[in-house]
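After this come two complexes, each holding subunit A, first together with subunit B and then together with subunit C.
The block that comes next holds the complex of A and B.
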């Protein structure tokens, strides 16, 4: 190891954010309610070709027939789907607003996360004095990517510019009929990202949907499609550590990954939607469908750090269709106050010699509930399938809950499935031990939580890992009773 | 340096310390001995400020300051160090990372910047060599899967890193092999100076051959029933505690 942890940390703290670039997502506002007319209007607004409009309409028809699922271990007031505007514009900067008008608590949090003043302004729709040179940065990167034949753009642009790819793959992993929220998303998705890596190409940079800052109002019904052609590789970052306050209560995104023969996709997410206040009011409902298809010798790793949202319902999954394909799921889910999370993964072993690994770390504090729900399925023709699952829960205090629901369905005798689960509590003795060494309780908890989450944090790209670590600390602040 | 005056402490309404008086001056080494359950670990926890124990009467005074309202971490910042009888495991947190955090938190309390990485590395190298600790050991999770002796040696490594004013070693010798006992004792002796003090809690005379005490106290039933010089430890080794227990009740 050339660096000490400390040196590394220091360096990263001072390092400028250097993610590739972000895709611009445009939008505008529509009246509330959902109907065929609205679906057509969205499609029209986006100047989509007819095949896309029809695709959306079919999804809408399917959705109308479906019922909202009830099986997750979460309780919430169901959204009124006719009270939602299905097309919302990013807010324009208010010329009269300054940072003094912003909730000081929020500013404090930005400061702790090391977010620059300009970025803070942007997050709060305060006009930025200095124009960030992200446009020129983006152009340079776009050129580098272009030279390698990599396509990275908004999904709207892809629908127009690369219809053959979109037609072939959109809905190929998450069909419109998949579930209630996926159907809804298919009908009304506002925008999202599209990425295609050609055969044999290693994407030279981390691709990211957001440039740390999420543009307000775009996240509601996102649609992401990533295609890694044969033998290619890409690492993709989604989300941002900056707390996102959004007026849209319901978020239902769909992410589809296609990893063709010998290709590899690493997909990392940090999700920090507004979780609601300490009394459990407000907060985002995050119902996401994420799924990857792995062809022969392909690999997909999902890594996620979930700290936000009032209610989270999310199971990034892998369909291990090709022989020797590999699926991985690494997750940290933190719930505090009245948050509820029901997350996990599905590993569907179809091919021979397919392998999957699941490492899930749930941290619950306050009055929150944190559930892991995982399915490992081995089909009859999946010879020698292997799975290893490890689900660890860490509890803080006596009022929170951790629940584990592992489902295993095996139809081939040669399968080897291992499941380990632990539940621990942060002990008074651990805290006192830290205190005795001069570490206060808040910091002690951060240390213990980071230690607990280490296996997953290590899977994140370095820049993301440091931020995620800080985010964990902040999410659990004030949770010591 | 440390004055303990008529200290009474209880847990869950059960009185464990029943009027302890003890004065430790800078430069001194005090040994505390006594039968199992007599309150030795409780006394060290109370000095370190563990909130589980309620001080019902009396005082703990450090450099003239009553510690009553001082939190455990502040006490640590003031130079109190406790080598735990049963060190706690913290999974996923390396010894190095833990020490870095501890040192920098202490510096922060004093208004200092974080210790530069190269100084930290130097300090770690120096102290781990002194205690003959393998570098690989330092990247392992704190106390997780450590053998009994390794845990104790690691406690003294932490002490050496933090250079406390008052070190309390609660049965640090138990679990150490003969070589380790010598190495660890040397480490402790290196820390000794005219400005700091050590309290060693032990059941065995052997440790006191290495770390020679100025005073030996016997704790029984939450009270110091006898104090003396280092020869008292020898006497105890020979006679056990019964004669003192009788003496105390007389």
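The block that comes next holds the complex of A and C.
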């Protein structure tokens, strides 16, 4: 081996977050604090119609009455909501500009991230709607999508141009009253993506959004709404990286998916926000509400690879309302150093013959804590509901923790529910086997982790699978021993 | 007056009947304070999410039975395992019945908590063990501690084994319209000793009874404890059973819980493994119908390395019944080489029945094997068809399959007469005569 173990350890420990750079772009930022005036100002800034302003104000009113939840198995310093600036937009951005006119600094940043917009446009056949600090900067492939009648734009644009759709579906899956962070998001959401697939249309390409948190001290409040009309299909990717920052940044997004009769939505996430350094300082708070509504024969599939954030609190859920609808959840959550993740899913079976599958893989290393929290609920009218859940945890080192909290509530006798969970470490003999064949321990672990996560990685679209695999390796570097 | 206020205000009357100079009384006073500040647990608490005590809190329970009641042996013979000879500690409406009991001091102490608390010769043991493992935080355990006075006291010295199993039976005669009982048991099994204990709560009428029981079990090095709980009470009897087990090196403790009766049953079973190379076994069969509610809440805390725990709970839920299972396994950082297994299988046979289950793992050590499995389903239609095609009527076929489903748990019962008794209870519960000795 080129390194001794000691050297390797040292190098890895000092290795800073690869994407931890900060691009200096002039931003227009609101003063810190949250009040009715700020909510109105955000709405005005975005030139929203009156109904939207009222909607936000109502959410703000609800939020004020709510208390921050504490049930999750995570410990952190609570964010001070009056010390956050709720709006920040890159100043130079102009939606009318072409790609070439985009701030070269921005383009430079994407390059560092490996998302060259025009390259993706040509080579990967992926339309990218880049959300950077709350305002969509560049949207590509709009035309190709437009021909099929697909609407893929920022949510603020959708509010202006497709109010009837937004009015009908915004808040229909995640109501304003849902939870503390959803209410907050409803009041102050800055931007996000909107996607509508018309009846019977199969979206020809993977839709993708890259989120970035850039401006220091700005909470990122994204709002995503995806509507798949009857018989349509869409695959949506969401990927995230954030620059290195000292103070904790709050991210409270809301994602709503509406899958109408016979429609299918595949929603994939790779989340790699700054997890804090190895002392557990800094890092992003990720408190997200993601939920999907499935009508008759509809299908929603969530796939997520979670490697980032200091604190993650996230439960992509499916409400299986229509008969024969299907919900799927595939997840890999990796925590290292002082990261904490409390993540899982909810499958609410309401319709007849509904099916759900949950595969969750948790990997904890360092001093991190990784929890799976899930709910499978079968209502008394959900005949022949079927669920299979599997959550496996892998522990590396004896300072981390793996926890499972699966809730199962069944009220129908025809339900078939299976739940399995295991916790173990990487077998010494497996590593020995690899060593014996000349594969060093670091690589062997990467290999084994890869095998452990394969079931989930396989569900990711091609472009993401490669990136996700790389992320897994990066996040677990230095955890050998 | 709410039940809580009633309990708190009756503590003074209780003090008139106990030795307030005894060191245990200080423990009682502290416990009452804790209960007073916490009150009855509500559904808002995570541990009580699926079980509500609201309906019980509104009942005007009498806390001290007014008079001593007697029962004839033949009236209650069927509630004992009468085929074999056993030691018996019997309470009627919370008061010890010397007539029905058979206690001993011959080499082992099988007697009463009240005498252990009053006689100087037990003082040392009480000081070492009393309320040492029971939670000082849990409000219902505190409530019991505050009113702790009577119950079973079992002390098995080093290398001893009592000649026969011990039965602890609580009868409620129904002389009171509604009665609350709070038995407190202490079981100390010293090094290399062994004991078999059966516990039963039986109400003889349909009057309301609430039992809030606390049992502390201490198993020293290499001790073996078998504890069987038979919960087949009358329809208006509710039971909150808090059992705390402290185990030392190489000990084995098996707790079997058979829940067939009662209105509301809550079992809090807590194991603390303070040692190495030991095994904790928790098994249970629950078969309920009507509006019954059974909640199994288990905790196994693996504190030291090289230990095992095995949990296996089976439930069959009919009519409007509700079943809850909440199993928690905690593996501490130093508890390497732990093997912890947990299984919970349920069958729902009615659309109005509900099952809520939450098997929970909290693991801080890496070299462990922990798993839990949980299923909810129905009887296999093919198996039903197979049996029916061979001339077995539907009802019997169903019962056979359900019996087979529960059989895993019965296999480890080590008193044959008890096993037969449980089999009979299951057959009655399923409403069939299987025509053979199970």
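We take it that the second predicted complex is superposed on the first by the 384 of 481 C-alpha atoms of A that agree within 3 Å, B and C clash if a C-alpha of one lies under 4 Å from a C-alpha of the other, contacts with A are read in each partner's own complex, and residues count from 1 in each chain.
Simple rule for what comes next: a contact is a pair of C-beta atoms (placed from the backbone, for glycine too) under 8 Å apart; a residue touches a chain by one contact, two chains touch by 3 or more.
All values reported here derive from a predicted model rather than from experimental measurement.
Visitor: Label the relationship between subunit B and subunit C on subunit A in the superposed model as either fit or clash.
Guide: On the shared subunit A, the partners fit.
Visitor: Please indicate which partner A:427 is in contact with in the superposed arrangement: first for subunit B, second for subunit C, both, or neither.
Guide: In the superposition, A:427 touches subunit B alone.
Visitor: Using the superposition on chain A described above, determine whether A:452 touches subunit B (first), subunit C (second), both, or neither.
Guide: The answer is first: A:452 touches subunit B but not subunit C.
Visitor: Tell me which partner A:437 touches in the superposition: subunit B (first), subunit C (second), both or neither.
Guide: first
Visitor: With the two structures placed on a shared chain A, what shortest C-alpha distance in Å links subunit B and subunit C?
Guide: 15
Visitor: In the superposed arrangement, what residues of subunit A touch both subunit B and subunit C?
Guide: Shared contact residues on subunit A: none.
Visitor: Under the stated contact criterion, what part of subunit A meets subunit B in this complex?
Guide: So the residues of subunit A in touch with subunit B come to 4-7, 10, 427-430, 432-441, 443, 447-448, 450-455.
Visitor: In their shared complex, at which residues does subunit C touch subunit A?
Guide: 46, 333-334, 336, 346, 348-378
Visitor: Spell out the part of subunit A that touches subunit C in their complex, as residue ranges.
Guide: Listed in rising order, the residues of subunit A that touch subunit C are 71, 380, 393, 395-425.
Visitor: Mind listing the subunit B positions that touch subunit A in their complex?
Guide: Where subunit B meets subunit A, its residues are 48-50, 52, 71-73, 75-77, 81-82, 84, 87-94, 96-98, 100-102, 105-106, 109, 114, 117, 120-121, 141, 158, 162.
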